[in-house]
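Several structures are given next for inspection.
Shared between the two complexes below is chain A, which has chain B as its partner in the first and chain C in the second.
Up next, the complex of A and B:
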């Protein structure tokens, strides 16, 4: 009985709940289709959404910090289009990649500066840059597609780099480990949580809260620009509407991962589990020939559940309270 | 004066473990202005809230016109003819005076008859005896005029008991006089006016009777002719000073660590000048609105002063951010744990190391978790923080233990100057004594402390010297040898020897 209670308490953590859901989905998928657990299918599943899940990692920082960055999709588009445009103008692709990353850095800094130093709400600032960055992307590329990138560039997005594992997946793993250490183990991560919980407490403790916010928005812009390039490489072509609307999928994954929209709570592990759930769920439904629209609806239901379930309190929680 | 219009009979009110009122009885007669005075936290607000139906008494009863009545909510109080106006009037800035007066009126029909509305509004304003155009937009009204609107609104609902809660606290002398005339005029029309004020002089001008309350209890009710400012102050402060509050020997040394000269910040405070010695405890006393916290915030770099000088350890400084003050060894323990002091959902250990995070980071910026735990455990033992472990969210602790976590955060900084803002507000007596010991230990080891406190016994027990402020002005500094509750309170109320 006590063991059961202890187990229930552990499951109270959102990550625990997500893990159970994930195992359930994987078992279901595995029993329904033969090649679900094959390395090829699992890797393919990642690669189809690799840009979004990379950006979801930094979005976790943004939302824990009690901010939001709606401009990530537009920044991905701007970066991809800027690369395409520069390639067309004959700029060296390696230099073009560098410039695109710089664009991401500056774009993120603009967001962060307005939020942290001017004091505007990030919802408004990044809504403005969502429109602005997308506008720039469309100005550069208009409605035509630009393609015929160098083979090595396309290979980065499409072929295995180490054995069958593609560059995007390696980047995701490295980024996850790096960001995990920063968020859950470093002083910067601690500041991120405290600011998201209560910015004034952080201010009064002498933390430069504005600087932390700017760094996080710069990270968000930089990683989005990187993800945009990855998209260009994987698809092999860019258009003005690249990554249009991606920000909503990205934010959904982060919230589903248990990161509170009010800031201060959530972990990168939660985001990772939510990413795995969404990917496996969509893949499983696709294998069952369920249409994309219904898949989207199911993900929506899951998001509502993610807000509801933590509110259902088991009586065992009382035991944790001490006066 | 025959039947009291409102009476509290032996009313007690508890919030959890805290007793806000105990055995409070008070009677209000029609046609009287009844002043109520008491220190901060004496229970005035709780009493008002019980009269206006916001709170229900834990025990005891209310009587209206001699008949028992329980007020189930604010609406019931309004029906019984009881209304309150506060220091900050509530008006709708975009509506005109007449519309504001009848904002909650229900008998005007769907389509308001503007002519009738204005006629009735004018009649009410006349009754108050103020000259105010009912067509004026509320946004342009002065505070006193806004209060007139609130009073007229109460009158429109046939008010019989009007509670005025520090109505003149933010008014100019002229406006305050006008408002006192309104109070008298209403009383002459048979309304019972409850008048709460920290300004003793106006009580003698406006009130018929004065009730003093202290520590949630009724102390005295007397006709105003039978009291003097001194007798009121004695009633307000006259509690037994227990053993907890014996003054400990001073550790002050001749060395001056902080020299503040003529400090001012916009129109918030001005003329603040004092020296703080190494090892000294300087208490700042005063009532609500004395602006002591604002002085502390300017020293801490939150809202820098606009005039005057601060010299710290012999050099002139002007901090513009807390980070600068912290780097210089100045810490500020906020009065508002919830908003400014602690990240409530986060573990005790993270809160304790928050201001000294850099000291537990590896060169790569990674938190040394073992070191963090050691620090937290050390404070848990030293400050006797009652918790099963240091990983618990600090919000789950009791107020006293939360306060200790907040103190631990700042002690870990090993500051030279600690500013404590109401360090024992809302914590129990045991925790209070522990906090006092901690402040004494801090100065005994060569630290210097500024203690802002509204608790007079605490001020007398802790302060080597006591700086008294009133409405943004420094009223004086009293050495602890010469300090009594009466002398401090007299300065805090702006009463000088022989002035009244």
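Up next, the complex of A and C:
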């Protein structure tokens, strides 16, 4: 009985709640359609949104740090378009990939510098670079579509690298493990939380808060540029509107994962569970022929519910513990 | 006391914005042949008619330290709903139709306001979600149909283009004048009326506002409802201007409205800014947008890149200058006290 009680208390945590929701959705989907649990469908479910979920991991850092990065979708677009443009100009693809990652690094640094050193709100800075980076992407490819990339590049996005597991999924897993260690087990991770909770206190504690913020924005730019390349490889072509509007989906996943928009709380495990929930929910709805806009609406409802539900539940639990 | 101690930061901002606007016009006039003429004004004014209302709506919400990302979806939905009402009842009174758009918009504002003010969910989360939800309501409501301009009554299609009066080719068109009057009315309310001043109080210091007996929740709720109504009217203007409305109407307006407000000197952390600033911000953004298309030296694809740079520069310069100004005033104040001793 006590063990059961302890288990229930653990489920009261946000991650526990998400896990219950996730299991519920998977069971629903599995009972509604036959091939839902097949390896093919599960792999497909990941690969269709692989770029978004990769960026969601690093967005977790940004939001825990009490900032926001609206420019990720545009950075993905810029990186993909820069690759396409360079490829068209005859630049060696490997070199082009390196330059694209460098663009991500610089773009992230610009965001971080304006936020940390000039002291502007990240919402405004990244809104400006959302428009600006997208603009640069359009300057590069104008209204054309660029494709016919080398076979090995397209294969990276489309084919299995180890058995049936494609490169994107492997990258996601490696990135998750790496970022998990950094955020949950390293000093840098602790600093990220402290700054997100109270920047002034962190300043007084001798943390170079500006530097941490810049590093996080650089990470965000770099990972977004990588995700943009992945998009180019998976689709096999780029256009000016690559990854347009992705930022909102990505932020939704992170917030649903229990990361507070005011910073300081949340975990990468929460984000991972939220990613799985959103992917399974969308996949289940797609199998039931529910279209894109409605799917997004349902995810929106879930987002609001995710903030409202714990408010209703938690006080009663605390009252029980006291008595 | 010199002018530097007397002029308010708000006035200074607006003067600076007007200067930037003038410089922009001069710059393009030197670059593009036959640039500075009545047609430029007419062109810019008809697209500003929509954006001014939406930037004004966004400003009301930002003043209270919140943000409304659902504004684009509200514009889209009201444009469609108003369009379908007038298509089915072509004889409807124009004022009634505009009122309908405002009521529908305000209804969405009520949803946002309840969730933000009373359920205390952060506005960025609420409106991120309602942006998607309102859009999916539009998809359901429209049933994969679209509104077409040939089904609309003539007065509505003419509304954005009919000049009320013309001075030397400069047409003051009905829709633009209407928007201008509304923005001015909101400005006067914000600067003169006691209930509207509460928006600033809540935005600049919520705790102090609460202690001063201001009902914070009611103020934030009212800001969202008013923003919804203004966005609804923006939807009405959108319908009149474009005529053909599909489920993607107003997509991206949420970020454009924030951009116009921020360029116009509205502080994203609330408590400071004016709708006049937001109006000038909207004009500046639109002016640059329209002018770059005609500038032969660079391809029109530079539009967005330049716009992003402009926003970043405007905000950075504003922040640095304001800091300098405050520091300068503090120094002068000290110097005066020393002299008095």
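Some observations on this one:
What we mean here is this: the second predicted complex is superposed on the first by the 304 of 323 C-alpha atoms of A that agree within 3 Å, B and C clash if a C-alpha of one lies under 4 Å from a C-alpha of the other, contacts with A are read in each partner's own complex, and residues count from 1 in each chain.
One rule holds in what follows: contacts are C-beta pairs under 8 Å (C-beta built on N, C-alpha and C of every residue); 3 or more make two chains touch, one makes a residue touch a chain.
What you see is a predicted model; the values in this text were computed from it and never measured.
Annotation: superposed three-chain arrangement on chain A; chain B versus chain C shows no clash, the two fitting side by side. When the shared chain is aligned, chain C comes close enough to touch A:138, but chain B does not.
Shared-chain residue A:146: touches no atom of chain B or chain C. By the touch criterion defined above, A:118 lies against chain C but remains apart from chain B after alignment on the C-alpha atoms of chain A.
Once chain A of one complex is fitted onto chain A of the other, the partner contacts of A:301 are limited to chain C, with no touch recorded for chain B.
Applying the stated contact rule after C-alpha superposition, one finds that A:252 touches chain C and leaves chain B untouched. In the overlay built on the shared chain, the residue A:200 is in contact with chain B alone; chain C does not reach it.
In the overlay built on the shared chain, the residue A:181 is in contact with chain B alone; chain C does not reach it. Between chain B and chain C, the partner in contact with more residues of chain A is C. The superposed arrangement places chain B and chain C with a least CA-CA distance of 5 Å. Note: no residue of chain A belongs to the chain B contact set and to the chain C contact set alike, using the contact criterion stated above.
The touching residues of chain A, counted against chain C in their complex, run 68, 70, 114, 118-121, 123-125, 127-136, 138-139, 142-143, 240, 248, 251-252, 255, 261-262, 291, 293-294, 296-301, 303-304, 307-308, 311.
Residue ranges of chain A in contact with chain B, taken from their complex: 181, 185-188, 190-191, 193-194, 197-198, 200-208, 264-265, 320-323. Considering their complex, residues 302, 321-323, 325-327, 332, 334, 339-346, 350, 354-355, 357-358, 360-361, 364-367, 387-388, 392, 396-398, 409 of chain B touch chain A. Interface residues of chain C, counted against chain A in their complex, comprise 67, 69, 115, 119-122, 124-126, 128-133, 135-140, 247, 255, 258-259, 262, 268-269, 299, 301-309, 311-312, 315-316, 319-320.
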